[in-house]
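Below are structures written as structure tokens.
Paired with chain B in one complex and with chain C in the other, chain A is shared by the two complexes that follow.
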Partner chain A sequence: MSSIGTGYDLSVTTFSPDGRVFQIEYAAKAVDNSGTVVGIKCKDGIVIGVEKLIASKMMLPGSNRRIHSVHRHSGMGVAGLAADGRQIVARAKSEAHNYESTYGEPIPIKELAERVASYVHLCTLYWWLRPFGSGVILGGYDRDGPQLYMVEPSGVSYRYFGAAIGKGRQSAKTEIEKLKLSEMTCRQGVIEVAKIIYGVHDEAKDKTFELEMSWVCDESNRQHQKVPEALLEEAKAAAKSALEEMDAD
Partner chain B sequence: MDRDATADVNAPHSMGTTIIGVTYNGGVILGADSRTSTGLYVANRASDKITQLTDNVYICRSGSAADSQIVSDYVRYFLHQHTIQLGQPATVKVAANLVRLLSYNNKNMLQTGIIVGGWDKYEGGKIYGIPLGGTILEQPFAIGGSGSSYLYGFFDQAWKEGMTKDEAEQLVVKAVSLAIARDGASGGVVRTVTINNEGVTRNFYPGDQLPLWHEEVEAHNSLLDILNASSPEPMST
Partner chain C sequence: MPSEQKLGSAIVDTVFANMVSSQNESSLLSSEGDSQRTQYPYVTGTSVIGIKYKDGILMAADMGGSYGSTIRYKSVERLKQVGKHSLIGASGEISDFQEILRYLDELILHDSMWDDGNSLGPKEVHNYLTRVLYNRRNKFDPLWNSLVLGGVKNGQKYLGSVSMIGVHFEDDHVATGFGNHLARPILREEWREDLTFEEGVKLLEKCMRNLLYRDRSAVNKLQIAKITEEGLTISQPYSLKTFWNFAAFKNPTVGAEGSW
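== the complex of A and B ==
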């Protein structure tokens, strides 16, 4: 559903006659064209996975991380312009830190999501700022349990059971909907997310990719951390064999 | 004795005070005396030192009356905004942290010891003691004010974990009345506030109904009552 907003798309402070702000929609396109980011809420925690498209074989594996820890109890997977995403993460870290300094407890995930969304939205209000060209999937585990939020470049933020952004989001969302998330543990969730990301990766169009995953769950002591090496390998193996099965049909 | 000091009515209001906060199985009980003095003059003999911050968090104030009031006003304001933003009641821990940030950052100008007590759905009943310098300490029970000096040994002996509501209330009333007996800057009535998952209950124990301790004099009716009586009878001891 792309349209050109001739004349009304030059500034983020201009509405089109049909009530759209085109600059924000164009910012969303930057996210849509980037590698897929998937997040799911299992019964005991959150799993985030990223299809990290590798630009050059010279890059060190494990560098250019797309998932960042915001606080002990939360993390963000970033899609879209990497530098923009870095700023959003920096702001989230700062908000989380300030909240804890003032109120003496870790920031509730709902509050964190609201503050991040508010900041992203702020940058769509002034002509001398451009909107962020990245969206984030924020997952965390606080005293109200595990929660998953997604923040779009428009500043909109919703809470989800499962969310996907980036190139393969349509098929990823279809796959997520098939999962019975409320009965799944994060251990199983890691395998499923790996399968989804391998599944949506388009071999023909895109270069190779690296799978990056993180979780925050009871097993990780409610801390946000990279999925342990062993489990990650297991997930990759399961995903690859699932692909081969599909191809074999 | 220095005659001027006895009637220095322009001295700053200070709550000599005995304040107590105690956790029990299901909530907390806050207790306090009711004497506010300016020098040696009792400015208010029935003051309420237990102040509300939110529906579920109250504080006991001691030290300078003005300082403790202004701190509680600020924290009430911050907590109100925080509650709106959060969309649910603030926790006792957050309330206590806001109090200690003010106490600590303004330690050169303030002279107030505060006990924060309340109930929230995550941690249940909690007591936080925030003495003069702005330390914060979560405790199963806390005591403060000038009268508390006389209660350390008492609590060592009488305190136990997991009391019922009535046991805890009796403990608080007994402790405040013991302190009133020995501390000249504490007196008047005993007020208690009980906070649990069901809500908040205020109680009041008039001075003449408090237990008497060693060598204390019993309460008398006012001598003026004799004048109003039909046939005046001599006072009985």
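== the complex of A and C ==
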């Protein structure tokens, strides 16, 4: 994994002899070292969950949101450098607003993902700009149904059934692949995402974390919002007991 | 590399554009020539009346859009919901009202995207509208409307009005345009703190009937909106019964004999 690009990694406008742009790869490392963000597409909507690593006991629970609404029908969970992520969210909000202003309908999620990806990519083209040190999982519900996209610091964006970025992404992806997403409702999806995040959290390496979750689904009237308190507590309880079952083995 | 620099400054501009509000033109970059005089209204709505009642706010407005002295549009909805807690009624230039509704939509959207359990109440929306209208007036480019803003939040009823020059009031009963002259006197006599819904509607209908008789830009098709803590309803359009059976109307030409 470790490839030191000595000499070829000083600028984002330099290719290495084997065709890599090291600065972009280093930017991706910032995302890989952050708390896990998971997104899944259920049959009636999207669920996004974030493992929010708590740096200090002084922080108020519920602050430092990692999931932001971009428009009524869409939201994104951010991994990596929080301040960079905030810029991506601001840009996405602005794109969504402009589209609706011009065309009179909410921005299709595909279009939004393209615009965000193209903006992130833009910042990898010039030596006086640095790439974004954050990746986002964008979920939304438009007239083509619920859709899930992921945008990486390189500017690459794909559409997914289930996606994960951050520390625990490998094991999260394995868990997501086990789920039968096409038959699951978002209510059930919320419980599953909570279980996955609790499962991938490394107790030894990191201290405490706070679980933050949001959804866009038929039940939320196709609006992006925080998962309701009651359901969130239910999901946390289910996740904790699933962990205890695993530990008991 | 001039094109690169342009792109670079475009990026910087977009970054700053995110921070600047999305109010259009009349900025440092556009020419000052166009906004040196006020406009003329083209399609206008007439009076709006609002009253507080026991459970909340009641508002009435007819559905006419006049083009000068022609009653051009007869299904214009001049009462609209704003967020969870407020109701706006507009008289004056209809296209400016549509623009105001776009500003309010953006305001409410950004407020709801915080997702923090709070939402803008009628007092805040009223204040926002006052600022918008007053600042436009200062640039000699007014939004040609008189607005009534009412709502209920956390049990508190609120009713206010703003004019196109930014004059704003908060009161138990408000009206715009002709309503101030024809409806307010009725309301001053007959309004009470504890009006029931039915009494409130009857009172509003009495005012609207008076306006229908005496205001040439009134049409006999109105909506009444109610907003309470529970929510908002805007009625289906309906018409008022009028009475024309006066003796002097029966034989209009009597006493009209003249030399020609």
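The rule is short, and it goes like this: the second predicted complex is superposed on the first by the 249 of 249 C-alpha atoms of A that agree within 3 Å, B and C clash if a C-alpha of one lies under 4 Å from a C-alpha of the other, contacts with A are read in each partner's own complex, and residues count from 1 in each chain.
The criterion applied here is as follows: a contact is a pair of C-beta atoms (placed from the backbone, for glycine too) under 8 Å apart; a residue touches a chain by one contact, two chains touch by 3 or more.
All figures in this text were calculated on a predicted structure; none of them were measured in a lab.
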Which of chain B and chain C A:R143 touches, first, second, both or neither: first
Contacts of A:S69 with chain B and chain C, given as first, second, both or neither: second
First (chain B), second (chain C), both or neither touched by A:G104: first
First (chain B), second (chain C), both or neither touched by A:K93: second
Contact residues of chain A, present in both the chain B and the chain C interface: none
Chain A residues touching chain B - in the complex, by the definition given at the top: 102-105, 108, 110-111, 143
Residue ranges of chain B in contact with chain A within the complex: 82, 85-87, 91, 93-94, 96-98, 101, 122, 136
Parts of chain A lying in touch with chain C, wherever the complex brings them together: 65, 68-72, 87, 90-91, 93-94, 97, 101, 122-123, 126, 128-129, 214, 225-226
Chain A contact footprint on chain C (complex, rising order): 4, 7-8, 11, 14-15, 17-18, 22, 102, 106, 109, 112-113, 115
